[in-house]
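Dumping the structure here so I can ask a few things about it.
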Amino acid sequence: MSHLTAWPVFLPLITGFLLILLRGKGIYYQRIVSLSAVAGLVALAVALIVVSLPGQYQVYLLGNWTAPFGIVLVADRASALMVSITAVLALAALWYAVASNTDEKGPHFHVLYQLQLFGLNGAFLTGDLFNLFVFFEVLLLASYGLLLHGGGRLRTRAGLHYVVINLIGSTLFLFAVGTLYGLLGTLNIADMAARIATAPGDSLGLIAAAGLLLLVVFGVKAAMFPLYLWMPGAYANTSAPVAALFAIMTKVGIYAIIRVHGTIFGSEAGELAYYYMPWVLGLGLVTLTFAALGVMAARNLREQIAYLVLASVATLLIGVGLNGSSALSATLYYLIHSTLIAGAMFLLADVILKGRGAFEDRFESAPQLPNAVVTGSVFMFGAIAITGMPPLSGFFGKVLILNAALHHEWVAWVFTILLAASLLTIITMARTGSSIFYRTLPPPPSPAAGEPLNRNAFMAVIGLFLVSPVLVICAQPVTAFTASAAEQLLDSTAYIEAVLSAPAVNNPSIEE
Amino acid sequence: MKKLFPHPVLTLALWGIWLLLNNTMAPGHLVLGFILAFSISLLTSGFWEEKVYIRAPLMLLRFLRIVLWDILIANITVAKLILGRNRKLKPGFFYVELDIRTPLGISLLANTISLTPGTVSCDLTEDRTRLLVHALHIEDIPATVKQIKERYETPLKEVFTEC
Amino acid sequence: MLEWILSALIVIGAFFTLVGSIGLYKLPDFFMRLHGPTKATTLGVGAILTASVLYFSFKTDDISLHEVLITVFLFITAPISAHLMAKAALHIKLKRVGRTREPADH
Amino acid sequence: MTLLSFNIPVVVLLPFVGAIAAAWVSRYSRLASAWAATIITLLAMAFLAPAAGLPFQGETLIQSWSWIPGIGLTFSFRLDGLALLFALLILAIGLLVIGYARYYLSPKDCMGRFFAYLLMFMGSMLGVVLSENLIQLVVFWELTSLTSFLLISYWRHRQDARLGARMALAITGAGGLALLAGVMLLGHVVGSYNLTDVLAAGDRVRASELYLPVLVLILIGVFTKSAQFPFHFWLPHAMAAPTPVSAYLHSATMVKAGIFLLARFFPVLSGTPEWSWIVSSAGLITLVIGAYIALFQHDLKGLLAYSTISHLGLITLLFGFGTQLAAVAAIFHIINHATFKASLFMVAGIIDHETGTRDMRRINGLFSYMPHTAVLAMIAAAAMAGVPLLNGFLSKEMFFQQTITASQVSGWAWAIPALVLIAAIFSVAYSLRFIHDVFFNGKPVDLPKTPHEPPRFMKIPVDLLVIICLAVGIIPMFTVAPVLHVAVAGTLQASPPEYSLAIWHGINLPLIMSILALAGGALVYTARKRLFAWHDASVARWDARIVFNAILGSLDRFAVGVTRVFDKGSLQNAAVWVIVTALTAGFIGWMGISAPLLGARELLPVDGVSLAVLAVMMAASLMTAVLHRRRLVSLLMLGVVGLVVSLVFVKFSAPDLALTQLSVEVVTVVLLLLALYFLPQSTPRERDKVRIGRDIAISVLAGAGVAVLTMGVLTRELTPISDYFLLNAVPGGGGTNVVNVILVDFRGTDTLGEIVVLALAGLGIYAMLRGMKLPAPDRDSQGRLWSSDNHPEIMRTHTRLLFPLMLMIAVYIFLRGHNLPGGGFIAGLIAAVALIVQYLANGIAWTSKRLRFDMHWVIGLGLLAATATGLVAMGLGYPFLTSTFTYLDWPVVGKFEVASAIAFDLGVFLVVVGATVLSLVELGKLSDSSHKAEQQKRRTEVR
Amino acid sequence: MLATALLIAFSLVTLALLLSFIRLVKGPDIPDRILALDTLYINAIALLILAGLHFGSSLYFEAALLIAVMGFVGTVAFSKYLLRGDIME
Amino acid sequence: MEYMISLSIGILTATGVFLTLRARTFPVVLGLTLLAYAVNLFLFSMGRLTIGLPAIIDKTAKAAQYSDPLPQALVLTAIVIAFGMTAFLIVLALKARGELDSDHVDGLADNQQTPDQRDIGKNIDPDRGTVQ
């Protein structure tokens, strides 16, 4: 019996409580344990990808109870991909946190970090809707702690908003899950999908309502218009490694829409098949518009990057909403890109902020920061990547999505908004780069001066950014993978079949 | 032995509670209950600074009987008072000078006073010598005080000692 | 016979519980109202619990005594509540009906 | 594999690699970068050379590799005549510019950066012209925008450079995106992004309903890049770049990329009225406006910039005519413009370099200072003006001929040659101004430097270019003809039409036009003083840049407005949006499917007790809201709700829930009271009645929605999966309390997640409270000092008595949980409450001294215990959290059950205790330290 | 017989519950409300035991026991809040 | 009975929403607690209402004679999670009170209507419109 599917979930959990027990041992041990665990997670993620390549679903029956009665973990190409992105991002962000000593700014950083990963990987792998709620709560509470790590005025306020909005979101989640259980009598996603096909017609209205309610919940997580208002503040005001890790948080919402809605309200859902799609697409387009304007209106670099993340989320929503294998493949490709690049950008913003001393990351003239050429070049690179300019991966992701839109009836809207938003972000990022790197003041007196470049920490930034050219150069295998993942995601029938037929290990205590 | 059984009364009481909780005298629960009672009293011994012994178990039983009886009577009396015209009631505060000195004794006395309908112990002076009591309807304060001291304080003083 | 006893106990208990709340409802000041619930905790709940003990002891073969514990705990906790509430009321110098006799040296 | 199978991508990519090399070697020597750039360019030429002959043999070379097959993106290159011409221009002029720049740049300028940017730009341009795949073409196209941004902003300390670069990026970037859209639609129509396929599908494209969008989008790309009206204004502002950059970008490369695209798509898109109208209108307007404005520029480079705009308009106009001969003229003029304009820019740079200014009002009479340069400039300017025996004359003649041809197309078309003539007159005038105003016209005014001839090597590139101007002008058949021929063939994707490159075609209309232009130009120039005055007073104020800035500015204000109105940093705003969206979503979802609201399931009767109890709950709930400004009262009301909720659980057969709810309720109240101490005791009255009204409306709708939803579900039948749990709880889970078996076994992972949440809450609270200081009030809201009796004796004694009893109950509830209501959660909460009561009664110091557990440790152990049961199962070859149980029969004790789920539940118990106590005690400690701080303060105040 | 008695008892206790709640709403002072909440808890115990008798089930016992053991904690906390503001110090 | 429960849940939701939309942290916490009660009751009732049939296996009863245990287990989880969240939020409210000198959810002072000026920078382009 292979436990590979379970390990990405439980390794961070085990590391988490080991770190609690290691509390007295000092930061050095904590770092070693934490970093090794995340490195291990990367290895596990790679293994998971390799295992998922042939296209089999890895169904893991937790507690050895068959679906739909017990909780199952399901690894397929898409979930393996999400776990991998998380692991890579987490490694870089953790490296940065350690190298920049951010982890020392408050207690329990590493514990919160590991448990955050527990929640994330759980959310990506679970095949049970209520269990998804639980993992959401885990990752949220961990994220509350991480968000507030280090403290401070704006951070606390942003944290308060983040927590309250997410608590409302959690309440909505329970209303939605409750309704679905109350009408379908099950919690397993595959089983729900199977039951919805045979549900009595008069309950479809309520099921549809619950489905859209669930979309709102995931929309809050994904930062979909008009539910994203928690997001810019939260991302802009937390510490850099946390903001970087949070780049994956919005994608949890996207993934949940793909997985949960795509399965329950997928091709098998009869009258309700893909009924939610126009909302995803429409709201994605609106989100993108607001995000682009937000990028323009941002008051400092971190806020701007937060809005750029919002724009990338909106692009993903558009990709999801276009519905179809090429659109989904494009979405997954863009998801890899946007998550890792957004993470890198938050880290880079921190490098810039520290380098500018008292001027922080505000858009005003400041003395030239130390190592301006290196930082500036990397910034330019990042700006190109995140605004979707060639030759980096953002461009190709966007082209993939546009290409998928060609067959959609809303093609004009998609093209117009996607390209107009690109233009706004390009213009704005040029202004940003110009005001941070070009328009400099004479060197300041030493106390106001920024810190020199932390080369160790900077490695994390570079490492993440390097993903972008790799995604371009290896576009062929990567898109081949995302395409196969998309095919698998769209095949609800195979998913239902695989989950519901997964056999238990023969257990002597269960008498059949 | 004293280390193992810091509070034998407590251990016994806990054992009894366990059996009561489980509504049983089954051997398994006798054993388990004893183990639990023993461990919990050991675990919480730090919370009991003073040692408590029941010097006169029979006296305790008599005291309990008195109190329960008083509660029954007082309930009926007070029920009448409540259901009757409340304007006739003569509420009042009075102090009970304490002879009993141990915290546990004082507390149990206060407890008894409160449990008996019609009187509630409201406050203990900071020097722990007087207990402020409120009565719902009181005609003769000294008589009531005397009754409290005789019926409750004296037996309590005799039952519980500390060393 | 048992049914009669049970019925009587139940109704008595419920009655005293009600009396407690009536006291709470109609007595004129806080300190007097404080006497109401003591009925409920002692005889009110006590009588119903006795009914329960009898009922379950006769319904099943075993003696059911665990209800006693409820009374035991109520006897410990109710006075604490009353004491602290009274103390709080005294502290904030809550008004009492004018005819209340004040303690000797206050 | 021969060189011919991969050399084109090498040509394109080499400059990018070279850019890194050029930047890197600059750390060793200033000039090394220039040498590196030169070598790279030569190498690129060398790689191009073996293939250069193929177009002359009528072949098109395609080199292709797979890239993203899903969207038809290949990594592929194409060398035909058109591509070859442009590649040669880019490389050759690039080489000259590199040589020129090596002398132009001052020691303060970083050579490495400059040449790296220049090489990257060169690579991007090569990529544009050599791409076979259209998406790939767009990639390089956008790269030219990016690299030109870097080049224009090279002197980043200068504001005009920064602004010019950003404007160029904005306009050309926008065009690039439009081009992307156009190309994608084009590919969609054709079914392929490969030029070969696209070029072969011209008829299909023109017949497609997407033709107009494709055309417009691609033309936006073209017009922005080639500075066609109304996108022309970025170009003069790009003159803030170092002059070698201008020489390169605005002669042969950047701006010609748009023209290249016109030529590239000529066989596909031209030949329709839409094409003619749009392209020739833009070209004509640009031609005239550029020529006109150029005359009035006082900045030497400004004049050249507008001249460039004008000439680009000319070429565009030619393509707009849509005839093959017009295309020939266009291609020819591309070549000629590249040569004379590059040399003119270089001359401007030399003058700037030598005099320290570019203001023609100050630069006069340079002929005496730098005669060599002056002669070169004069020849090049004459070529620009279309003076015979120079290359500009030839293509201009062809141009005039085409305008005359076009004028016969329709009634209004006579205007074309007329307007063209006006433009030609101004063209001659500004050329004259360039020569006369700079090299003659009296003495220099107040120059920063005394000018003299530049270094000899700086002039060599100009020399070469001017020689080309002359050679082409005099002996076109022996110089430019073959290249022009293949370029035209590449453009048309067919054999070129008959055309003549003779210098003399006899006296014809074009010649007359040329003469008129020369004469008119001379006349205008002599009248320039009055014209300048008129222009400055009227037209000069009209600058498209103002419009651009106004658009950008209002966009910016709009962005700020929208963002701040929507994202105002207000939690209430955000929360309202979420709730309203949820309501809307639910409503829309339900409305989308026509189904009755209620089902037909049989309902339970209502009884009086439930009615009363629920009424109490509803009333208490309403009171909580109504009295919310009095916080303590509101909290008390909330307590009633909590109590009644647990009664509801009892009533409807959920004893476990009731027990949990009761315990949680107690802890929550303590927690909220702990916190309330540090918060205001009442909420200020809200003044915004509208908002209250809105909130009440939203609340009522939300409540109604949820009530309706509940009724909708409860009136329908349900066949849940739960029978399985009821049937398997005892045989499979070893417990009769099915809820508990679900929690610790069937759905143990939920529970595991849940205790992680609790642990996180505890740890998070601990982390938040670390180092936190809050002022503790020394009196209550009525101004009364606090009671001095902080630990009432009677309470202390009682609670100590209670402590072991409560623990006993916790153990009892824990152990029975698998079979009867209870379990780890509830037991944990009871134990936690037992501890909390000790803290309440005896204070933190006293209790902590007697309780030496580190609650972190308890939490950690709890998680360990819960996880360990799972891991043990894994070790035995079962999935995580697989449970097992067995019955033991011991003497005396009797038969009893041992279940691994108990160990799991113990973990739950420990985490609940640890997290709850940790949270509350840390919160309690907060007040402790505050109290001390407060007392300390009072003490110091007394002193 | 027993059923009638239970019906009467339920009615009486429910009435008690309502009266307690009215006091809670009316106040007038915080201690009155605390007392009313405390009484509500006691009323709930009575209801629970009656329910146990009604259904002939011992499953209601723990809930009643729990209220007896922990119901006072809220009351104590509220009172201590009035006394000291800081309930845990 | 179902209608009464629905009405109760509705009122809990309405009051919870109303309090959640208040401007001060403490009422917000109370509001979210009420919402938690509402949603817990909702989730619980989704297994349908049954009286006197707790899901404690009794050898004499059949499966249909028990209440649905699954929603109960879910609600138990939800209660505990909501408790953890409430605890965290109320402490965060204290932290906000400490950091922002106000218990307003946006950190506004008592008499303040708009967000704090300290937190609003200008995003005017430093380079724009100053040069020809």
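A, B, C, D, E and F label the chains in the order they appear, each numbered from 1.
Just so it is clear, contacts are C-beta pairs under 8 Å (C-beta built on N, C-alpha and C of every residue); 3 or more make two chains touch, one makes a residue touch a chain.
The structure displayed is predicted, hence computed values, not measured ones.
Participant: Show which chains lie in contact with subunit B and also with subunit D.
Facilitator: C
Participant: Taking each chain's centre as the mean of its Cα atoms, which chain lies farthest from subunit C?
Facilitator: Looking at centroid distances, D is the chain farthest away.
Participant: Which chain has its C-alpha centre farthest away from the C-alpha centre of subunit F?
Facilitator: Farthest from subunit F by mean C-alpha position: B.
Participant: Rounded to a whole Å, what is the gap between the Cα centroids of subunit A and subunit F?
Facilitator: Roughly 24 Å separates the two chain centres.
Participant: Would you kindly tell me how far, in whole Å, the mean C-alpha position of subunit E lies from that of subunit A?
Facilitator: 48
Participant: What whole-number Å value describes the gap between the mean CA coordinates of subunit B and subunit C?
Facilitator: 16
Participant: Can you list every residue of subunit B that touches 2 or more other chains, as numbers and ranges?
Facilitator: 17, 21-22, 110-111, 121
Participant: Can you pull out the residues of subunit A that are in contact with at least two other chains?
Facilitator: In subunit A, 130, 134, 137, 141, 144, 148, 151, 157, 160-161, 164, 168, 175, 178-179, 181-182, 187, 296-298, 431, 434, 439 touch at least two other chains.
Participant: Give the residues of subunit E that touch two or more other chains, as numbers and ranges in rising order.
Facilitator: In subunit E, 10-11, 17, 30, 34, 59, 65, 69, 71, 76, 78, 80, 82-83 touch at least two other chains.
Participant: Once the touch criterion is applied, which pairs of chains come out as touching?
Facilitator: A-D, A-F, B-C, B-D, C-D, C-E, D-E, D-F, E-F
Participant: Would you tell me which residues of subunit D are touching subunit C in their complex?
Facilitator: It comes out as residues 780, 782, 784, 787, 789, 792, 794-795, 798-799, 801-802, 805.
Participant: Show me the residue ranges of subunit D that touch subunit A in the complex, using the header's touch definition.
Facilitator: Per the stated touch rule, the residues are 66-71, 73, 113, 135, 138-140, 142-143, 146, 149-150, 153, 156-157, 159, 162, 165-166, 169-170, 173-174, 177-178, 180-181, 184-185, 188, 552, 555-556, 558-560, 562-564, 566-567, 569, 571, 573-575, 577-579, 581-582, 585-597, 599, 706, 709, 712-714, 716, 718-722, 724-725, 728, 731-732, 734, 745-750, 752-754, 756-757, 759-761, 763-764, 766-768, 770-771, 856-857, 859-861, 863-864, 867, 870-871, 873-874, 877-885.
Participant: Mind listing the subunit F positions that touch subunit D in their complex?
Facilitator: 1-15, 17-31, 33-34, 37-38, 40-42, 44-58, 63-64, 66-70, 72-77, 79-81, 83-88, 90-95, 97-98, 103, 105-106, 110, 115, 119, 123-125, 127-131
Participant: Which part of subunit A faces subunit F closely enough to touch in the complex?
Facilitator: Of all residues in subunit A, those touching subunit F are 130, 134, 137, 141, 144, 148, 151-154, 156-157, 159-161, 163-164, 167-168, 170-171, 174-175, 177-179, 181-182, 187, 296-300, 362-365, 431, 434-435, 439.
Participant: Show which residues of subunit C lie in contact with subunit E when the two form their complex.
Facilitator: Interface residues on subunit C, with respect to subunit E: 3-4, 6-8, 10-11, 13-15, 17-18, 20-22, 24-25, 30, 33-34, 36-37, 40-41, 44-45, 48-49, 51-52, 55-56, 59, 64, 66-67, 69-71, 73-74, 77-78, 80-81, 84-85, 87-89, 91-92, 94.
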